[in-house]
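Take a look at the following structure, please.
Lettered A, B and C in written order, each chain numbered from 1.
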């Protein structure tokens, strides 16, 4: 039989919760191979999860089943949805986590058949183990989606709002106004400014906090283009503009200066 | 041949120690599949490990071999024990980690045959790699327990004390006096109060610190039943009562108020 | 076909970067089994990575492919090298990470053939995913090293400097002068002092900071040989001398006293 991959994305960190999920899945489908995409989503940060699943899924083999559990409303009557797209399957709570995955060619379902849930013990607070894991296990074992789910319409599910980049032109310059999204383990600061075309030399990134200018950064390709401990801006490996410190931690530097990261304005300026 | 699962529970965190153990096991048994239950036990916290193995093992396939290494006495003459129960195998140092696993139907052994240890190099401080990993590897490869171990009696091993819940009745109310156990990655605070029957509306959880009342919390089913950043109490996914903050971190809030968590008293009150 | 192991060592922490690498590798070679050695190298700490790969590789099955990505110069024109030794394969950036692996019997190569890189999308900042992962995947799939790499000479690659232990004899005593290397998850402090022969009773470890003596520690075999919360020195599981606190965290204690760990002098004294 074809090998099936189950790929996990959660905000569970290093605790034993992920281990319990793996036990449940292996109990149902011994041949499934489980891969951790990450369990390091900031607790309850649906937006971060939505971006990371979007920039990651294409690296995995077709037919992979993505189990995405960032689920602050667990236990309430929020739905669990399944999305089929480009040969991949995505499971997530209906909280907008799959907003960027939904597209014209996506089929959307609602998980309904509790015959495929964990027996006798659906907890209120850990559907990752009691519903998501067994459903993923049964899908990996070859149970048809239609046996577990009911087809629904795009309009029946929830979406999240991503902060939009505003663009303004003024005196032969173009201004892109961006916001903070999240930071990574290296302390790289990821903004919602995305890839663009053109010569990097024409760009500068200004960092404002409550209308005061703090940094004017050149746009570079890689970290060691600036001196050690110097800040820079670059287009990162998933095509977002990030601020980094060569051999250092930009996030820690920002923490010292800025109390509320939602008040930071990242202004990308293009000359000409 | 049947696939064998080796499930790891340690306090080693993210360091390379777990990786070395996996190398040793794979060297001995290529077919063994290794699953991380957790490596995030607080350093040397045998009590936490004892609870987590107890509430987790049933989710794994029968015949799984659990390797539990929280081992402050490593290098001393403490025994290593093997427990066989319900078709599962458990390896652990003889420090009480398996206290909750031991029951009438459990067979207990002592690991004795150093032919199945790592050759030429038993370190004093890393029996996880030098003894536990190779023994688990050989068990997964089909070596009989009796070749590696010697049967011993229940009375020959060590147990740990779990803080008991005191129960008092007074004027038509029942009081359950509980203590702090540990917290998880979300900042949920897990107490030793366990599941009980009855209508949740009849219960309140009082949190005292050195005889001063700090919180009076309703018992709820799930996090989003209270407002954002509000504290609540609930029965968690492994049937202990925990205190959580909806979309927040209860542990961080407690840290600001309470210096010594062993001085917190959790008093569950049932009306009627 | 023979099972192939790909073993990962990075400074990527718990983020999704490692997950993306695993997706890429599985896409190329379904049969490869991926093992995490560690992703907890301190960011950009090539020296720590060089030591950990050296003390770990022998525990893994022969033919394992080690993918070592601690790569502060990613995106620049630094080479990626492959080293073949004792039946193992090592991939790393040419920054000295493999210094301790290189020996007379090692064959050294440079990764050159971009046919085996990720298609259409080599980022500047994530060669782990775009070059290392696919190259490892193709090697696991059986592609010959010579198809991907070009043989080069030992003199064509970079090495790092490891702080040397100075040894002095004075009045019937021998003094070994050591330095701080890194600490682990338990707070054990690992020095560059290595194993030696002789009766432990003859040794003491003195800890100086800026020429002031702070600790005089006995050399012991294991943690619980001293009282709870007492510091000790011991030869650890990979044969370096470390300072530990029984049931405690030596690193945290050092942090309170010493601002700059590079200023600590560890002086091992042997009587007679």
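Criterion: a contact is a pair of C-beta atoms (placed from the backbone, for glycine too) under 8 Å apart; a residue touches a chain by one contact, two chains touch by 3 or more.
Bear in mind that the values here come from a model prediction, so they are computed numbers and not experimental data.
A.B. asks: With touch defined as above, tell me whether chain B and chain C contact each other through largely the same residue numbers, more than half shared, or through different ones.
C.D. replies: Result for this pair: different.
A.B. asks: Using only Cα atoms, superpose chain A on chain B and state the rotation angle in degrees, rounded to the nearest 5.
C.D. replies: Answer in degrees: 120, to the nearest 5.
A.B. asks: Need the CA-centroid distance for the pair chain B / chain C, whole Å please.
C.D. replies: Roughly 31 Å separates the two chain centres.
A.B. asks: What positions in chain B touch 2 or more of the other chains?
C.D. replies: 13-14
A.B. asks: Inside the complex, what are the residues of chain A that reach chain B?
C.D. replies: Spelled out, the residues of chain A in touch with chain B are 11-20, 22-24, 26-27, 30, 43-44, 72-76, 123-126, 129-130.
A.B. asks: Touching residues of chain A toward chain C in the complex: what are they?
C.D. replies: It comes out as residues 3, 5, 7, 9, 13-14, 33, 35-40, 52, 56, 59-61, 64, 184-187, 221-225, 234-237, 246-247, 249.
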